[in-house]
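Each chain gets a letter, A, B, C and D, in the order it is written, and its residues are counted from 1.
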Amino acid sequence: MGLNVAMIGTGFMGRAHSNAWMSVNKFFDLPLDAVLHTVCGTEPDQTRAFAEKWGWRHATTDVQALADDDEIHLVDITTPNDLHRPHATMSLAAGKHVACEKPLAGTMDDARAMRDAARTARAGGTRSSVWFNYRRCPAVAYAHRLVAEGRLGRLYHVRGQYLQDWGGPNTPASWRFDRRRAGSGALGDLGAHIVDMARFVTGDEIVEISGGIETRFIDQRPVPGGTGSAPSTVDDCVLFLARFRSGAVGSFEATRLATGNLNRNCLELNGELGSLRFDFERMNELEWFDNTVDAGRRGWGTITCTTAGVHPYIDAYWPPGHPIGYEHQFISQAADIIRELDGGSAVVELPDFEDAYRTQQVLEAALASARQGRAMTLADLDE
Amino acid sequence: MGLNVAMIGTGFMGRAHSNAWMSVNKFFDLPLDAVLHTVCGTEPDQTRAFAEKWGWRHATTDVQALADDDEIHLVDITTPNDLHRPHATMSLAAGKHVACEKPLAGTMDDARAMRDAARTARAGGTRSSVWFNYRRCPAVAYAHRLVAEGRLGRLYHVRGQYLQDWGGPNTPASWRFDRRRAGSGALGDLGAHIVDMARFVTGDEIVEISGGIETRFIDQRPVPGGTGSAPSTVDDCVLFLARFRSGAVGSFEATRLATGNLNRNCLELNGELGSLRFDFERMNELEWFDNTVDAGRRGWGTITCTTAGVHPYIDAYWPPGHPIGYEHQFISQAADIIRELDGGSAVVELPDFEDAYRTQQVLEAALASARQGRAMTLADLDE
Amino acid sequence: MGLNVAMIGTGFMGRAHSNAWMSVNKFFDLPLDAVLHTVCGTEPDQTRAFAEKWGWRHATTDVQALADDDEIHLVDITTPNDLHRPHATMSLAAGKHVACEKPLAGTMDDARAMRDAARTARAGGTRSSVWFNYRRCPAVAYAHRLVAEGRLGRLYHVRGQYLQDWGGPNTPASWRFDRRRAGSGALGDLGAHIVDMARFVTGDEIVEISGGIETRFIDQRPVPGGTGSAPSTVDDCVLFLARFRSGAVGSFEATRLATGNLNRNCLELNGELGSLRFDFERMNELEWFDNTVDAGRRGWGTITCTTAGVHPYIDAYWPPGHPIGYEHQFISQAADIIRELDGGSAVVELPDFEDAYRTQQVLEAALASARQGRAMTLADLDE
Amino acid sequence: MGLNVAMIGTGFMGRAHSNAWMSVNKFFDLPLDAVLHTVCGTEPDQTRAFAEKWGWRHATTDVQALADDDEIHLVDITTPNDLHRPHATMSLAAGKHVACEKPLAGTMDDARAMRDAARTARAGGTRSSVWFNYRRCPAVAYAHRLVAEGRLGRLYHVRGQYLQDWGGPNTPASWRFDRRRAGSGALGDLGAHIVDMARFVTGDEIVEISGGIETRFIDQRPVPGGTGSAPSTVDDCVLFLARFRSGAVGSFEATRLATGNLNRNCLELNGELGSLRFDFERMNELEWFDNTVDAGRRGWGTITCTTAGVHPYIDAYWPPGHPIGYEHQFISQAADIIRELDGGSAVVELPDFEDAYRTQQVLEAALASARQGRAMTLADLDE
């Protein structure tokens, strides 16, 4: 049986998602076959070429046509953040399942509207999900299991850092540096991932932001392919401190100016019985310190997360010690989306709009804390 | 325009190659489109299921039918080592291009026959190649370039190690432990890769084996899914020392019993001006020591080989810092095969049967040296 | 010529300092010979045994006697934090040079009094210094030089973390967990080091604390060698965010509950032209990313800081690649103290009480920010 | 009670040993106090200055005077390799205990004579020992214990590498490059350490050399401080393969031309139940893979070998996570020498001349194998 997928957007994420839908039934045994039904872009020729390359059956530039097409089961949204809301609410209203890129939205208003639309749709059996892809990295999914099994004991500290360095002064202007399009800079782009990952792996919730810094180092950027410069209106870097419901404390840092760090999406947890460290640049590895091992033999261990039957998702791919890459997270997420739509269960929890809204709240509170120069609870924010 | 591919074999390598042919035109812009024309297996139902899953248009269990099918342009061989010769010579004789899994063959006799057949076919415009996939790992291809640019200066030492640990006493019997099927154990399976990689990266040739050890630690293995045990007749581990034409010295080690090392395919070069280190378990990284940097600031640098426009092949995939995996080497090799068949050039050299034969000679000399307990030149072996 | 040293305290630090004074003239060529003149402890027998073991000529339990002894040139203070003030002010008043363990003091009042006493003494030629030993780790001193040479360019981020894990629930009560004796917990013990190190390496000053967390996870600790428990009244962990005068942002974390991290005193700087990373557990190494190297060949480099003539202090010890240890920082600091007292210059800046007072202010502001739940400038604090 | 030590040699090793004798009773509680009685050098002024700096009571240039001095209990030899024999045999004949730098000797003849002299002396209660210092690195001593406890199970592989890079073409001539003085180059200087370390950690003995390479890349070296060049007559690099009594196989490499490797004295063991890795450049760490841990959670662990009461020798120094350095191995060895001379036991086995002779045999067999181009057993060598 087929699951007809429509996808909006033909950029970097459009490629990653196309590959996921193309590959998912090759690697996973699933109850439904993903069909690359329609891709929707902004420019007709480019969209048709994209469709042909990746095997999408139809190409359109009319996003409304997706909602109107009865054959389409799922709308996959990979557009800039400000378009998430119209595309998602339109699709949900038309009874299409929605899989939306992260962050949920560029603004809290949008996020709230999307959450509300998803709640309504859910009552009618229509599902939403968000591509927080790192949850499906085997090392991260396994970290989540270790915590769920109680292997860290009482949690003391959480350290989340997403360090990139592509945002230097020579990087040209784009929608990602425009607050009206992107909502924020490093915060939504990178901070969203580490907050989601921290919430997912710990199973805990952030209840207070104890202070934050929002900063922009580069105010003007060269116009791409042109002369002159355009203003950059987003943050380059956001730092904040947090308290979790359990009492654990956390520090978070998202930046595009950490020279030398290409894509260092890192999480570290320290608990009474053990500690964990993850760095996406070495995505097949999880560092694990087991404090219950005898003194003398205990140390930080590097687990290569490629053991079939143990490390989540890896069975679908290659033998032990054969690294998988960035894109496999999307293939694995596509598999989980299919499983859920067929009434089954994802291997690890698939974040819906409700869940993604809670991540958005944390980011909003971090911004508010940074701008107001004071600690605040998430409950404050709700008021 | 299409390149009709037929593939023999539906195991682990059959999956990796199917994925490569399916994906190659998605990621690369190429003059020919790979068509998954026919897959050939041993069991009809399993072969049909495999074909359906991976999108092969036809399925057969008759290998001769491939030679007879005028539509087929290229035969891709992923069968056990002892079948490389019949499948390759049959295909070349029928005017099909051949892409064969490594090692070239299980025995020198087979290897020589294959090389000779490829020479003859080459004269008629038919091409052979061997899937020494690690050459197309961006880090390895880049290491090759650094050496070719003279950045290591005079080469002193080569260290090649392929360490795995799946060959312990509980691992069941299979064709890989049967000398009649596999020809050898770790030597052909792992040693072939490190010898090819050392030859490729250095651009140098091994001219003497200065001593070797061939050893088997496990003589009996459990029968899979059954009771009792079956003899293991291959080496578990082969070590040898070598001299290169340039005067550099080398040590090589291939083993399936290096506990804790899942798939550590490593190469280290030490030259007067610099040194290099590669470990496939961290395949997106290359370690580089530049001895021309001022004392004080020089050190072993970890290069993340994901810079578009610089690190070979990586442009085809994702942005900087987004790891690729094991399978991408096959996609990149499929792209190079297509380029060569269209009259263009591979990004880095594609090994043909002539080239693979030289690797086979080194392995043969290593075995002979180990068994005879003496040093020998490759010229000795030719006699 | 001799420099007669008196030392107060015979604990862990007393041993480290004794070793430094014993060894300094063996490794360094200096204008004055350190003489281990008098050690002052609290218990007569133990003090005498300590003196005999380490070669101190005299032992006393009367701290006033040190001030009264005309032969003594320098008083070295290794006592608990609350005693720094009386011991230092007494010694300075008596015209003795003072070298005091860090943090400068347990309270701001004490710190201010000590700074003022040092100012007065300085006018009379009497010198103060504080044992912020990590400045004299060759990797840290070299990092300072790289920054001073402008090799990082514009500084964006500072990350300081001092992670230890000895403070778990089974660790017995001691003066270090008693706020009255220690002033604070992780903050003064560990935070003082990372703030000093960040100030030293960057040459920049923290001007604002943007939020902080002070937390205690363990409220009761077992009485050592006894039964029952005693309250722990200090922080286990302090986190804070900061802005530097240059506009750089910083995150700081000091904790005794980061399971798996024995003594991870870490600093990371990200600048426009380069980045640096240091981890004291690998104290002979400095990680350095040179963003001016060609794309392709640039990467995080691990510099082994043992090059004579280049890496500070290392000439005094062993050949390249021969690690030095924790204690060598004290030997090198003793050498710099001697140089300064003889009118020469320290190899890198030796922090005096004035300098250490600025570090203390940062810690105080961090605490105030955490307790008041708001950002504050250091200027606010001064009011 | 005092142990009067005389030391011959005032170079790099003379400093390391002086420091050891000076420090040993500060860090360790021992039944005898080491007394720095007499140092013997070649040049009177330099020797006197050395004595004064390090606290030797007497200075002499007459080596015979040491044998004649009844006050002296132990002669410590740090001279070039060709002088080990006359200095050791003279001292042993005079009833002095001897502690000799490694390798035991420059030639097998010398080594045999020294072993025989030590046998005779031993019968009279006079002890010999050799400064194979790495045995007393806590990580190495702990590795030895893990093996002795059976934690590796059946041993498969041993990999020993001592990689340095100071021997490039610009390094000036010295006794270390003169075969008549040094006996050999990398082999005796570095190979001796890895063979001793492999024998010590495994508790196994090498019984066969299966092939070797001895090579020299640099034939002429600049005369230090002068013009022109002098011949280098020693090996720059020696590689060899070995079989152990237990059936394990081994590869060994000693080189002074492994660019980027300052002092990488490495040992790796692979056994059925676990694996170990050591690298002296990170001497406070031991890497340990426990194959008995559940799949999923097992991985290479980095043990920081600073746990008091567990990791050998470390109690004597600093708290957990505070690195020790190169010289501490000598202090710990001095402590073990004192313990043995007082009738006690070394913490881990102290190699005597008998033991060091077996290491020398392995090196000799490696050379013979390399030169003759054939495998040979150590029994062959004895004939």
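Of note:
Here, contacts are C-beta pairs under 8 Å (C-beta built on N, C-alpha and C of every residue); 3 or more make two chains touch, one makes a residue touch a chain.
Since we're looking at a predicted model, the values are computed, not measured.
Graph distance from chain A to chain C, where chains that touch are one step apart, equals 1. Counting C-beta pairs in contact, the pair that comes out ahead of the other among C-D and B-D is B-D. Relative to chain A, the chain whose mean Cα position lies farthest away is D. The centroid of the Cα atoms in chain A and the matching centroid in chain D are 54 Å apart. Taking each chain's centre as the average of its CA atoms, chain C and chain D sit 36 Å apart. The distance from the centre of chain B to the centre of chain D, with each centre set as the mean of the Cα atoms, comes to 41 Å. Annotation for chain A: residues 261, 300, 304 touch two or more other chains.
Chain contact summary for the complex, chain A toward chain D: residues 142, 146, 285-288, 290, 295-304, 307, 309-311. Those residues of chain A lying in contact with chain C across their complex are 154, 156-157, 159, 163, 165, 168-169, 210-213, 215, 217, 236-237, 239-241, 243, 247, 249, 251, 253, 255, 257-261, 270-275, 289, 291, 300, 369-370, 373-375. Residues 12, 16, 18-19, 22-23, 25-26, 53-55, 164, 166, 261-264, 280-284, 304, 306, 317-328 of chain A are the ones that touch chain B when the two sit in their complex.
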